[in-house]
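Every chain is named by a letter (A, B, C and D) in the order it is written, and numbering of its residues begins at 1.
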Amino acid sequence: MPMFLLLSGIAALLLLAILAVVFSGSRFATRLVYGAGLLLSLELLVVGGLHLLCDAPPLALSLPLGLPWIGAHFRLDALSAFFVVIVNLGAAAACLYGLGYGQHAEEPSRVRPFVPAFIAGMNLVLLTADAFTFLLSWEFMSLVSWALVVVEHRDPRTVRAGYTYALMASLGTFALLLAFGLLAGPNGSYGFAAMRAAQVSPSVGALVLGLVVIGAGSKAGLVPLHVWLPEAHPAAPSHVSALMSGVMTKVAVYAVIRIVFDLLGTPHWWWGIVLLVLGGASALMGVLYALFESDQKRVLAYSSIENIGFIFVALGLALAFRADGFQAAAALALTAALFHAFNHAILKELQFFGAGAVQHATGTRDMERLGGLIHRMPVTAFCILIGCVGIAALPPLNAFASEWLIFQAILLSPSLPQWGLKLLVPAVGALLALAVTLAAACFVRFFGMSFLGRPRSEAASCAEETDGFSLAAMLLLAGLAVVGGLLPGVVIDALGPISTSLVGRHMPVQASLPWLSIVPIAASRSSYNGLLVFIFIAASSGIVASAIHVFASRRIRRAPIWDCGYADTNPALQYSASSFSEPIRRVFGPILFLARTEVEMPPVGSVAPAKFKVHLEDLIWQRLYVPVTGIVMTIADRLNVFQFLTIRRYLSLVFLALVSLLLVLALWS
Amino acid sequence: MSWLLGHNVALILTIPAVTALVLTLLPGYRLSAKLNVAGSLLTFLAALSLFAGHPPADPFVLVDDLNIVFIVLNTFVGFTTSLFSMSYIGHELETGRLTPTYLRFYHAMYQVMMFGMNLALLVNNIGLMWAAIELATLATVLMVGIYRTHEALEAAWKYFILASVGIAFALFGTILVYMAALPVVGEGLKAMTWTVLLSKASEFEPSLLSVAFIFLLLGYGTKAGLVPVHAWLPDAHAEGPTPISAVLSGLLLNVALYAILRFKMLMARNHAAISPGPLMIALGLVSLLFAAFMLYRRRDIKRLFAYSSIEHMGIIVFAFGMGGPLANFAGLLQMTMHSLTKSAIFFVVGHIAQAKGSQKIADIQGLTQSHPLLGWSLVVGVLAIAGMPPLGIFMSEFLLVTTTFVRAPLLAVLLVLGLTVAFGALLLRLQSVAFGMPQGKVAPVRVSVLPIFAHLGLVAIAGVYLSPMLVHWFQHVSIMLG
Amino acid sequence: MELIRDLVVQGAQMLLVVLLAPLVTGVVRKLKSRLLRRQGPSVLQPYRDLLRLIRKDVVLADNASWLFRSAPYLIFSTTWVAAALVPTFATGLMFSWSADLIAIVALLGSARFFLALAGMDVGTSFGGIGSSREMMIAALAEPVMIMIVFVLALLAGSTQLSTIAAYMVSPAVGLRVTLGMAFVSLLMVGIAETGRIPVDNPATHLELTMVHEAMVLEYSGRHLAVLELAGSLKLLLYLSLIACLFLPWGLTLPDASAWMYGIGLAAYIAKILTGCGALALFETAIAKMRVFRIPTFLGAALMLGLLGTLLLFVSRGF
Amino acid sequence: MHGIAFDVAHLLAGCLVLVSFLMLYQDRLYSLLNTYALHATVLFLSVAWQAYIQNAPDLYVTAGIALVFKAIIIPVALHRMIVKLGIHREIETVVGTGPTMLAGMGLVGLSLVVMLHAAAGANLMAREDLAFALAVILLGLLIMVTRRNAVSQVVGFMSLENGLILAAAGAKGMPLVVEMSVAFSILIAFIVIGIFLFRIRERFDTVDLQALDRFRGERQ
């Protein structure tokens, strides 16, 4: 029954996509699509959530679709149900936001049909249980999101972003295709059940792991496969950016977990290293990119790369622990990864919604042209602030709880017997610590430049608060972020069945602990209580504030800015986003980004302005992608002469082909 | 009804022949366009009736699981293309690119071509098959040159010369097969009858068969557009009328492929002969990779898709070269889907070229904005041809890549490389054509929606659901192909 | 009964740190002055400053937002909560399990986050400079803290401060190279985090290299008072942390008798005063760094921390 | 009987290869056409001999076509055409005669290796015939790829086709289908070539394919 509800919900979403095309001219199309989308994703959310919370046994269903002699298999287990919750929570919020945002978005008729299809595609990926249907849904999801990326198709940059995205997505799909090919074996047993039953040799397993990392990692935005992400995610309309960055990357995480933890069988210890190294690199590189970027949505997209890095590090730890038989530690790491995925989905959606609201209100995403929005858009500013605090992993919000769990898992690594892991894990831990604090810097900059200070442009100074639906969506997510941070134990307990089925153990049950603390291993080892910390902070700031207000002056005088007596009237003299990140750029820029600065000083006595330019280059793009593109283009150029040969030369080709084949035959016999 | 079932093979052949005859005599072009459609429809219906029942194999006619798929596909695409050409040719007449006299010729030649292809698919004699394929080829040569522009004439000339060499090779290969069969089967017709040849193939002189296969592969491969004997294909597609491009890509290539498959089956029965697999794999991969890179520098939209046809023929030949139930199934499916998709793309491209008055990619931009129907159909079509789900080619490429990777990982890597490179090029062009600021003429055009939607609809359905009947057929054929 | 005792201890600790914090600042200032052969203000001067500030009106910039006004309280309360969870004179604090060392570091991070935001709120160039530099320093200092946490947690098998402190008192510790490394890097981080020379100069106001003072430049009246108190609290917190982790002698263990608490308290105050003295000595002896030397300084601390951790991983014997 | 039959067939087939070599050697259109006429005549003799020894009267028709059509009508028609076009004095080879002849030798060697090995078990006469036919086909192709002029390419193609007919005639009891299709192909080929040459005359001043190539595809 739940399976039927889920599949019919997905089918209804697909139908909705068609309806959106049919009614694209109607005035009510936006209401229809997002309203119905909201209801349907809520339905899916409830079904998935109930399945997860009730710890129900896995459900399976097959339909006579897809590969003819295999059929389309669907399966709902705890892992799927959890990701169904993430996806549909995100989808419901995006639809709610879309109810308002969709009214004033550009090119609505190019967006509406694809949004329900996108949601349906992501849901399908989670439910499928055979390779063909999985890849079909996977690539369908990519394709629909590609269509959403190129919505504003008149901008050449958007089209280029779409191109890079689709190409990387297709590469990823091929990698997964090859991985499934290996798992399925020569007889073509494409069902997940058969793959689970079959044991692959270690070398094949390693190859599968590599391919999965390429395939799903490119979708998740793992460095060095991330290049498309900061282009494509921001190019889409904001609620779609939110879905892509917040939710679709989680579907990629799902794919990694499903294949590596579920289908691949017993792991080898060094598999963890692959995930750890890539995850650590993504975490650091992602946040550094984000720090040097001034486009709001690109900052958010890069920050997704960072968080994906965290998730992959946790997954790598889980894999290593599992390979060495430390089931409890593996359960901790896996739970941390899943919990972080959940938190990041919420926070990233929230922030993209905010960026969308800002973009709509001011017409720009460039932080150098924003400022002071906290006065014009107070509610949005508040929600984004919660998002920023959350994503910077500060207590008592949700992402802190999950990152805390990740650090706890790292601290368990001395028990691992292999030297490689022993040495690597602390180093990765240091990377993560660096990434966390850089993220805090990044989001201070993000919030400070956009919402604080004085408006840096006309548009920013006349901004208006966004519509009610958008605000409702943001408030909802902000509330969830707070609740998730205060009551992490609830989520951790809900994740128990997943880690039981994947690594054989689950974390200690948290719900029964006093004061709703979370305890990963044992209370004497470490514990954290978000609720209590929150109560302490609230109480003590309340006490201080009221004490001061009672015993001291309550008067407030308004005056011009003091600024040490040097009151500048020009908002352009404020600290800018790029000057904010300058100290950090000095530290990391020259090594990781080949940063060069150019100062152009006018001669003495000239009134021309001095110019200062910073060049940052994406090292990975320059060293990896540019050469590959160059090779393809060179080959294409070289081969192109074959279009312009004379007939005689074509005949010579035929002749040569014949003679060489005959020679082969002569030699063969 | 029983009469129909008894004579359906004869009908499939006589309807186009008679229609061709009538069309040469008929003056009015509107009427002849309708007659063309009617003839094609009747042929298609007759072909459909083959499902209900068909005569047993005799020395001249053979209907088995392999060719029934080809025939039905052939007549179906023939029918939809005739529908498309009705509106397309009307426009050409209005713009003065063609005169009524040429139109009469065009319609007659269309049916001659259909006759040739149907005959090639149905006969049970390798000599007749050869002759029928040549008939169809020569008919298309004439059609390619019908615009009589410099480019069209050059394309037709190139096509003619290269095809003639292919003809010669194929005939020589056929003679060699006969020679190989002679000592075993005896003189005369029997030594050319396909069913007899197949049953005795294991006793044939293996090395003679090997030489024969090389000639047949190159000879029919010329028709199928395999690199390095492909050179006629891009220009013939680009310069001829678009319905002919659709038929060339959708049908003639298949018929040539059919011939190659028949001989491959023969080779498979004779274990001492050279194994056809590696040859086909090599030619297929070369075609795929070559065409994939060639796609990047194309400026003419029809030539672009012509190279994509070469690419797909490469994939299909590769699949059959790999052999085994999965790869063969993939090959058959890929072939079917490619026919449907590529002809649909050419329908769309034909209308686009008419709407914009140009085939140059640089002149076409922002189609989804200026002509949403055409633009989005093109998007779907190109995504389908690039193997994106949920469209049919995805399924075949899925099967092919997975099964190849397990059996020969290196080949699969090359295959994936080719597919990715090709996708990159196709997508690059698709985006510039479908998106961006609309350029040039934006006036609406009359679009024959039915053929486009019928093809794309079938492709979309096949991507998620294949009817068990079709699957059964394909599987049986896969086993036949070995 | 136990519950009441724990509550009392916890409450005493919270009050103690708040009351003691200005004194620490005063003592350091006084000692520095004496070392420079100046008379210097009284050690109680910080208390008087606070009281005076509290009585004054708040002068707010025209475009200051609600964030600007609420940030001081948030900053203070997070610092306070963090300080309340560090064992000062007794381990086994009632609520110490609600946040471990990582959470304490993160709480300080929250305080810094809001401080940096507050610095940017009015939109001045000084505020921006301060926030930007503060975040840069923090970005490099916090990983060092995490590394130190790693070292301690790996040794003690816990990230709970009480457990670590109990472990450090126990004879199992011995002299270890890693601990030395961790100690040195903790000192370096503490200096950077509390804005002391050579990283920042708490005494200057109009120097281009200032960090903390630049951020609070627009604050006045009671807001400034709260922020000043929070700053002092942070200094005390780091001193207590160092004392609790590396000089744990005299810490009162749970279930001790009342006079043991007295000994603990005395030991704690002695330790803090020693710390103040060392700090004053150090600050007098050394010159302020250029801002762009700070990454090198903190990089060295990070390397020490990482090295310590790796050494621990390689062999428990170090 | 058998010995003589084989020897004569062998001789004639060998002659055909030799004439192919002669064609390869010609660098003037006139002499090329003349040599082609000789080629067709040798083919006629060869096919006629096959008809005689195989006792297959239908092969005489093929032989007749070879004589009348290929040895007389086509060379004469092409003569006229090139005179009309004024290209009869043109000298045109792409590769020097020496390398071309060497390549030709190599091809004959290749065809012998392939065929004699291949047809080891087949009828001896057929085997020889096939080897020579393959050589003629390859040489015809070589002529095509070493000439620039359209007319000489057509001639090369026709010599290639002669090789095919030699092979077909050598195949014992090959059904009528073959003869029909051979005639069919010659006819169609020639008509279409005629049409094309006519059309090309209409549009272009020369039948040199290089002129056609200027309009190749995408180069603007």
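Criterion: contacts are C-beta pairs under 8 Å (C-beta built on N, C-alpha and C of every residue); 3 or more make two chains touch, one makes a residue touch a chain.
Computed from a predicted structure; not experimentally measured.
Ranked by how close its mean Cα position lies to the mean of all protein Cα atoms, the top chain is A. Inter-chain contacts peak for the pair A-C, counting C-beta pairs in contact.
For the pair chain A and chain B, the distance between mean C-alpha positions equals 44 Å. Chain B and chain C have CA centres that are 78 Å apart.
Centre to centre, using the average C-alpha position, chain C and chain D are separated by 99 Å.
Inter-chain centre distance (chain A to chain D, centres taken as mean C-alpha positions): 69 Å. Looking at chain C, no residue sits in touch with two or more other chains.
Those residues of chain A in touch with two or more other chains are numbered 643, 647, 651, 654, 658, 662, 665, 669.
Within chain B, residues 157, 161, 165, 207, 210-211, 234 each touch two or more of the remaining chains.
Taken pair by pair, the chains that touch are A-B, A-C, A-D, B-D.
Considering their complex, residues 64-69, 72, 110, 131-132, 135-137, 139-140, 143, 150, 153-154, 156, 159, 162-163, 166-167, 170-171, 174, 177-178, 180-182, 184-186, 188, 190, 632-633, 635-637, 639-640, 642-643, 645, 647, 650-651, 653-654, 656-658, 661-662, 665, 668-669 of chain A touch chain B.
Residues of chain A touching chain C in their complex: 371-372, 374-375, 378, 385, 389, 392-395, 400, 404, 407-408, 410-411, 413-414, 422-423, 425-427, 429-430, 433-434, 436-438, 440-441, 443-445, 447-449, 452-454, 515, 517, 523-529, 532-533, 536-538, 540-541, 544-545, 548, 551-553, 555-564, 568, 571, 573-576, 579-584, 586-587.
On the side of chain A, the complex with chain D involves touching residues 643-644, 646-649, 651-652, 654-655, 658-659, 662-663, 665-666, 669.
Listed in rising order, the residues of chain D touching chain B in the complex are 114-115, 117-123, 126, 130, 133-134, 137, 141, 144, 153, 157, 160-161, 163-164, 167-168, 171-175, 177-178, 180-181, 184-185, 188-189, 192-193, 196, 199-200, 203, 209, 212-213, 215-218.
Remark: chain D residues 94, 107, 110-111, 113-114, 117-118, 138, 141-142, 144-145, 147-148, 153, 209-210, 212-213, 216-219 touch chain A in the complex.
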